[in-house]
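Structures for review follow.
One chain, chain A, appears in both complexes that follow, with chain B as partner in the first and chain C in the second.
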Partner chain A sequence: MTDKKNGNAFTNNPLVRAIGLQKIVVLLVLVVMLVFFTSVSSTFRQYSTVLSIFDATYYLAFLAMGVTFCLITGGVDLSIGTGMFCYALAGGYMITHKDMPVIVGILVTLACGLIMGTINGLIVSRGGHAPFLATLCTMMIVRGLGAIITGGASITWPSSSSPNGWTRLLFKIPIGDTRYPLGIVWVLLVAVLLSLFLNKTRPGRYIIAIGSNKEATRLSGINVANYQMLAYIISGLCTGLGALAYCSAYQSMAPSGGGGIELNAIGGAIIGGTSMSGGSGTVAGTIIGVCFMSVLQIGLPMIGLQANYQQIIIGIVLIVAVYIDVLKNKKLA
Partner chain B sequence: MKKKILAVLLSTAMVATLLAGCGGNKADTTTTETPDAAETEEAAEPEAGAEETADLSGMSFEIVSKGLQHQYWQAVLKGVESKADELGVNVHFVGPDSESNIDQQVTQLTDALNANPTAIGLAALSTDSVMDLLQQAMDAGVPIIGFDSGVPDAPEGSVLANCSTDNYAAGGIAAENVYAAVSERIAAADGTVRIGVVAQDNTSESVVNRGLGFIDKFAELAAADGYGVSVVGNDTYIDRATCEVSDDAKVIIDVRVPASVTSELSVADVNSLLGESDILALYGSNEHSANAIISAAENHSEIGTGEDQVICAGFDSGAAQLEAVRNGVLLGSITQAPVAMGETLVELLVAAAQGETVEDVDTGCQWYTAENIDDPEIAQNLYE
Partner chain C sequence: MGDVILTMKGIDKSFPGVHALDHVDLEVRKGEVHALMGENGAGKSTLMKVLTGIYHKDSGTITYEGKEVEFSNPREAQDAGIVIVHQELNMMGHLTVAQNIFIGREYMKGKLIDDKRMNEEARKLFDQLGIDIDPTETMSRLTVGKQQMCEIAKAISHEAKVIIFDEPSAALTEAEIEELFKIIRDLRAKQMGIVYISHRMDEIKVITDRVTVMRDGGYVGTLITKDCTKDDIINMMVGRVIYEDPKTESAVSPDAPVVLKVEHLNAGRMVKDVSFELRKGEILGFSGLMGAGRTETARALFGADPKQSGDIYVNGKKVDIKSPQDAVKCGIGYLSEDRKRFGIVVDKTVAENSTMASLEYYMKGLFINKKKENEAAQKYVDLLKTKTPGVDQLVVNLSGGNQQKVVIAKWLIRNCDILIFDEPTRGIDVGAKSEIYQLMSELAAEGKSIIMISSEMTEILRMSDRIVVMCEGRKTGELSIEEATQERIMHAATLRE
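What follows is the complex of A and B.
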C-alpha cells in the first residue's frame, strides 16, 4: 500500500482507515449540505421534507446497492432504471387489472427482477458481452416489455387508504397523526445482509477478487463466470425491491419510463467510494452516496433552483466523485 | 461439466418462464381487448344495415385513431359507435398498438384509403409520415376530419376540420374554479399569495396550453379584482403567458417544470412549492402532474380542501386522481370529453361527406368534483 507511506497522521489513523477516507469525506459534505439547506430554506426544516427525502432514498438505495455488486466486478448494470419501472408495472398490472392479491403482485415484481438479473448475468458471464452493452440492450428490452405488459397504460399501485395499499404502509406507517419512515428498516436490513455477504462470505470475496484482477482470480481456480453472474442476479433482485419502494412512494408508473434513474443509482454508488474500474466498494458507502443524491434532489428545488440547474450541479458532483476515484487508482498504481 | 449442463438447463428454464410469463400477459391483453372491439363493431353493423332505408345508409367511414389501449380511446370509440348507430352509418375504427408505432398507423391509413370510404377520421401520430397519403386522399376526393390532436400542420385543404379539446380553454376552466375557491383568502392575505403550476414539460403543445390557459385566466380574474400579478419559474411559460404582469404583484403564479418526466422529480417540485410560506393553491396540468400532487399529499397534511389548506386541482383522470377527488385531496379536476369527441367526429364525417362546409369544433371539457363525479354525464368520460 503506497498510500500508507504518503498518508499523514489523519489518513493513517486506524479508525479512519477502517471506515474509509472517502466515506468520511462524503459524510462530512453531506452534513455540510444538510446544514446549508436547513439554514437557507425554511421548508427544508419541516418534517415532511424528512419524509420526502426518505421516499427518494429507498428505491435509489436498493438500486444502488445492487449495482454496487456489478460495479465491484468491473461491470455495470444499466437496465436497473427502466427495469424498476417494468417490474413494478408487471406486478401492479396483476393487482389492478387481474384482481390478484397484492402478495402476487409483489412476487411477480421480485420474480421479474430475478429473471432479468439472471439474463443479464448470463449474457455478460457466458455470452462474454461487455456489461455496458449487454445491459444497455436489456434496458431497451425491459422498456418495451413494460409497455407491452400493460398495453401502454400507466399503472398506479393501490393507494395507502385502500385495503390493498399495505405495501405503501410498509414504507411509511401512520401512527396517530404522524407518518413514520418505516422503509428505513428494510433498507438497512438489506444493507447489512448484503454487506455481510460481500465481506464475510466466500462468494462475496470472489466478487471483489474478480473486479481487482479477473485473470488472477480465474487462474486460482475460481469459476469467474458463476460469481460474475451472481452479481447481476443480486442487482436484478435489488431492482425488484427498488420497484416495490418506488411504487409505494409515488403514484404514476408510466410504461417506458425510468430511464436516467440508473445513472443516479450508479452515481450514488460512486460517490460512496465504489470504483468504476472494479475491485473495491462497500454497501455502507453506497448508502451514504445515495443519501447524498436524494438530499440534493429534494434540497435543490427548495432553494429555488430551476430543474436544468439541478441537473448541472448533480453532473458536476459526479465528475468530482469520479475524479476522486481516478486519483485513488493512480495512487494505488 | 455437470455444472455447465445444469447451468444451461436452469437458464433455459428461466428464459422459458420469462417468455411464458410475458407471452401470457400479451395474449391476455389481446384476448380481452380484441373481442370487445370486434363485438361492438359487429353489433354496430347489423343495426346500421337495419336502418338502410335512411338517407345515410350507403356511407361508410374509416377512423384511424392513435390506439385502443387507453381508456380514453375506448371512450372515443363508444361515442363513435353510439352516433353511428343513431345515424345508421358504417364505421370501422382502428388504431396502432402503441402511440409510438407510427409505421403501423401509416399502414392502417393506407388500408383505410384502399377501402374506398365515404370519409376518413384521423388522429395522426406524425403529420410528416402521412403527408403522401393526405395528398392521395385529396386526389381521390375522400374528405378527412381530424380528431383528438388532429393532424397538426396538415397541407392546406387536406384536412377539412378538427374536433378536439381546446386545452387553453380547459386550463381556464380550472383557473376559474380554483380562483373561486381561494378568492376570499387572497383578499384576506396581508402579503403576497402564491399559486403553483406543476407542469410535466414545456414542449408538448397540449400540456403548455393547459398551463397557459390556467395562468392567463387566473391572472385575468385576479386583475379584475384589482390585484397585481407576476409569473415566475419556468421561462417558456413566463415568455408565452399573455397576461399583464406588474412589478408590485400580490398574486405570484409560480410554474415548475421537471428536468425529465419522472414522478420523483415532479414530486420534488410540489414539495418545494408547498414550502413557500405564501402558497395558496396548486394546479397539476395533466395526469402525471396531478399524481405528483397526490404523492406529495401523503407527506403533506396541508394539502386538502379544508380552510387554510392548500387547494389543489388536477387534469384528466386515472385511478389515483379519481380517489383523490373523492377523498377531498383534490378540489376537483378537468376531464376531456372523449365520448362527445367520438360523437362529434361522426357528425362531422357525415357533414363532410354530404359536401357541407365543416368547421373546427371544440368538444369541450368538464370540471368534476366529489359532488358530481358520479353523474352519468361526467362518469362516462372518466377512466381508471
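What follows is the complex of A and C.
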C-alpha cells in the first residue's frame, strides 16, 4: 500500500508533475482570460494597456516573491503593503526634500526594507511571536512611520522627463517612439535568483523543511531560528525592490498608503500554488499567480466591472486556490 | 463465549492500484475478546473502516445481530452499537472529561447545556467501569492512560455491543495496561463483543480468546488463543519464524572506552540528577514505565530541551550542548519516539530527509549537488534495505519501518557515533522490527554506541548490553545484561521515592 498515487494519465505525466498541476491550470485560465479580455474589450487590445498590466505586475511580483518565502516557512508577512509605501516614501523624501542623488534614495529604500525585514524576522524567530500578529503590528508601525518621515506630505519620485527620472526608465525604456517594459528583465532576474536560492541552496532547503516540520528540522541539528529569520529578511528586501518598482510606475504616493496590497501579493502567491500551511511553494508559481491578479485588476474595469466586482471575483478565485491547497494536504494526510 | 454477534464474510475492497482487502472473514461472538493481527499494511485498519462505514466494501456481507447491514458512516455504526476506541485519542484537551464524553449529544436543560447532569452521568459510567476519574477535570491534565479510559467510557455510553480497540496499549504504562485489561474483562463478562488490534504478542496471549490473522490484505486464519503459541501466530503473520530470545551476555568488553558520560543531569520536572556512562560499541537500554523521564533525559542530553545543570563528556572531553546543533557537532544523533512529529518531514523525499543533517557534505559551491545527494541516499537505501521505489519518493508513502530506516540513514550519513534510539520499533510491524534489531546490532558491532529507550521488556532484554532503569525522573537501577531479569527491571522501575 505504498503507492498512493491515484491520478489519471494526465496528472501522472512527468512534465505535468514537474511543473505542477495547479500552475498549469492557473496558466491555462490566465490565457483564457487574456483571450477573453482581448476579444471583448478594444481598450484591452491597446499597447498602453499591456504596459499598464506590466506596471501593475512588477511591484506585486516583488512583494509576492518575498512573501512566498515567509509562507513557505509556515508564516506570513503582512507588513509588505504599507511597508512598500513607507520605504518608497523614505527614499523619495531623500531625493525630493533633501536633494540627495537618486542612488541614495534607492539605497535608503532598500535599506529600509532590509531593516524592517530583519525586525520582523527577529520578532518571529527570537521573540516567538505568531507571524500573523508580529507582522500585523509592524504593518501598523511602518504605516505610521511613512507618514512621519514625510511630515504627512505625498512624495513623487522624479518624473521620467527629468534628469533624475532614470529609475522610471529602468522599468520602461523608450526606444524611438515606443516604450518597452524593461522591468520584465529585472523581475525575471530576481525570480531566477530566488528560485535557485530556494531549490538549490542549503538555506532554501531548510526554509522548505521548516515549513514542513519545524521540530524535525530543529532536531536534525539545524538552526531553525536563523533560517526562519532569513525568510523575513528576503521578504523585506523584496518589498524594497517592490517599492522601487511602484514609485517608478506611478505618480504620487500618499503617506500611510499601501494597506491591502499585501493581501493581493499573498493572494498571488497562493493562486500560484504556495501553501498557506507552509512547506511548499515555488517562485515561478508566484509569478504566474501575480500575473493572474494583475490581469484581472486591469482587465475587469475594461469590460465594465468596477472595483467592487474585482474584489468579489478575486475573493472567489482565492477560495478556489486555497481549496486546491486543502485537497493537496488531504492527499498527504 | 456466546452467540455470534457480528460476521464479516468475503469482504473485498480495492483502491486504485491496491487490492486492500481480498475476501476477508471475521466472526465476533458475544463475550469474547477477538484479536485481529497482522503486519502493518495487512489490512486490519481497512477492515475496521469498512465495518464502521468509513469505507464502502466492493463485495461481501456484514451481518450484525442476525441482520445484514451496511453502515454509510461511523455515526450510523455508533448508533447501532459498534464503536472504535482509536489508537490516537480524539479528545478536546481544553474541555472537561464529561464534556468530551458527551460531545455532540449534550444533555440539555431547555436551551442550555446541563453540565451538572453530564458530570453525574459520566461519574456513573466511571463507577460502572470501576475507574477513578473526576468528570470535571480538564482532559489535557489527564495521563494518556486515563484519557483512554475516557474513550472507553464514551464508547460504553453509546450502548456499544461491539467495541474495537485499535492498538490501545501503544502509549500505556504496564500498570495502565493492567487496568485496561481489567476493564476489557468486565466488558467481556457483560457479553460485549470485543475486537482487539495489537502488535504485542504477550498481550494477545493474556487477554484474547481467539485470534484472526491477516496478511497482505488477505485472510490467513482464525485460532483459539489458548491452543496456539506465539510462534504459531507470528508464522501466520509473516510466513517465517522469528525468535525473540533475550541476550545472554554483553558484547562489549568492560574496558571499552567510555564515549559518553553524563553526570548529574537535571532538566525540567522529569529529569532529576541522572548520571550514566556509554561505552564504545555498546547498546545501553533505558527501561522504565511511561513517564519515567527517559525521553526527557534523551532530549535534554541532545539539547532539544533546556537543562538546568549537569555535565556531559563526549570521548572524555567536556562539552556544552545547548541545542540539537551542538549535539550533532558532537556526533550525537537522536531518533525520536514520535517519528511523524519529530523525525521526518513527511512531504519531502527520501533523499531530502536522508541528507537533512549533513547537507553541507553535498554542496557544489553555493548549490546543492543533487546527484551526490541522491547517490548518498541511495547508498543507505541499499545498505539498510529500505523499501522504496526510489530516493525521490515522498516519505509519507513509506511504511513506518521504512520511515524509521530513513531517519537512521539521516544520522548515519551524518556519521554520528552516538545514536539515541527512542522507542525505535513503536508502530512498526514484526518483520521490519527484526530488521531494525539486526541493524542496531550491526551498528554496535561496527563501533557505534547506542542508547535505546524502550517500553517493551522483550526488546530491552533482547538488545541491551547494559540496562539503565528510570522511575519518576531518577535513575533507579543499572543492571548488566547477565544479571537483568524482567522482575529485577520491574522492581527498579517501580522504586518510587
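Assorted remarks:
Everything that follows uses one rule, which is that the second predicted complex is superposed on the first by the 329 of 333 C-alpha atoms of A that agree within 3 Å, B and C clash if a C-alpha of one lies under 4 Å from a C-alpha of the other, contacts with A are read in each partner's own complex, and residues count from 1 in each chain.
Note that in this section a residue touches a chain if its C-beta (ideal position, glycine included) is under 8 Å from a C-beta of that chain, and two chains touch if they have at least 3 such contacts.
Remember, predicted model here, so these are calculated numbers, not experimental data.
Overlay on chain A: chain B and chain C fit together in the combined arrangement. Touch criterion met: A:Ser280 reaches chain C, while chain B stays clear of it. When the two structures are aligned on the shared chain, A:Leu194 is found in touch with neither chain B nor chain C. The partner that reaches more residues of chain A, of the two candidates chain B and chain C, is B.
In the superposition on chain A, contact is made by A:Leu122 with chain B only, not with chain C. In the superposition on chain A, A:Gln251 makes contact with chain B only, while chain C stays out of contact range.
By the document's definition of touching, neither partner reaches A:Ile266: not chain B, not chain C.
When the shared chain is aligned, no partner comes close enough to touch A:Leu230: not chain B, not chain C.
With both structures placed on the common chain, the touch criterion links A:Arg205 to chain C but leaves chain B unconnected. When the shared chain is aligned, chain C comes close enough to touch A:Arg218, but chain B does not.
Taking every C-alpha of chain B against every C-alpha of chain C after the fit on chain A, the minimum distance is 8 Å.
Touched by chain B in one complex and by chain C in the other are residues 223 of chain A. Residue ranges on chain A touching chain B, taken from their complex, read 41-44, 46, 48-49, 51-52, 55-56, 90, 93, 96, 98, 111-112, 115-116, 118-119, 122, 126, 145, 147-149, 151-154, 156, 159-162, 168, 172, 177, 179, 223, 226, 246, 249-254, 257-261, 297-298, 301-302, 304, 306-308, 310-311. Partner chain C is touched in their complex by these residues of chain A: 1-6, 196, 200-202, 205-206, 208-209, 212-213, 215-223, 279-280, 332.
Listing the residues of chain B that touch chain A in their complex gives 3, 7, 11, 14-15, 17-18, 21-22, 25-26, 28-29, 33, 67, 69-71, 97-99, 233-234, 256-265, 267-269, 271-272, 274-277, 287-288, 291-292, 294-296, 298-301, 318-320, 323, 327, 384. Against chain A, in their complex, chain C makes its touches with residues 15-18, 20, 41, 302, 304, 323-325, 327-329, 334, 336, 341-348, 352, 356-357, 359-360, 363, 366-368, 370, 387-389, 394, 396-399, 410, 414.
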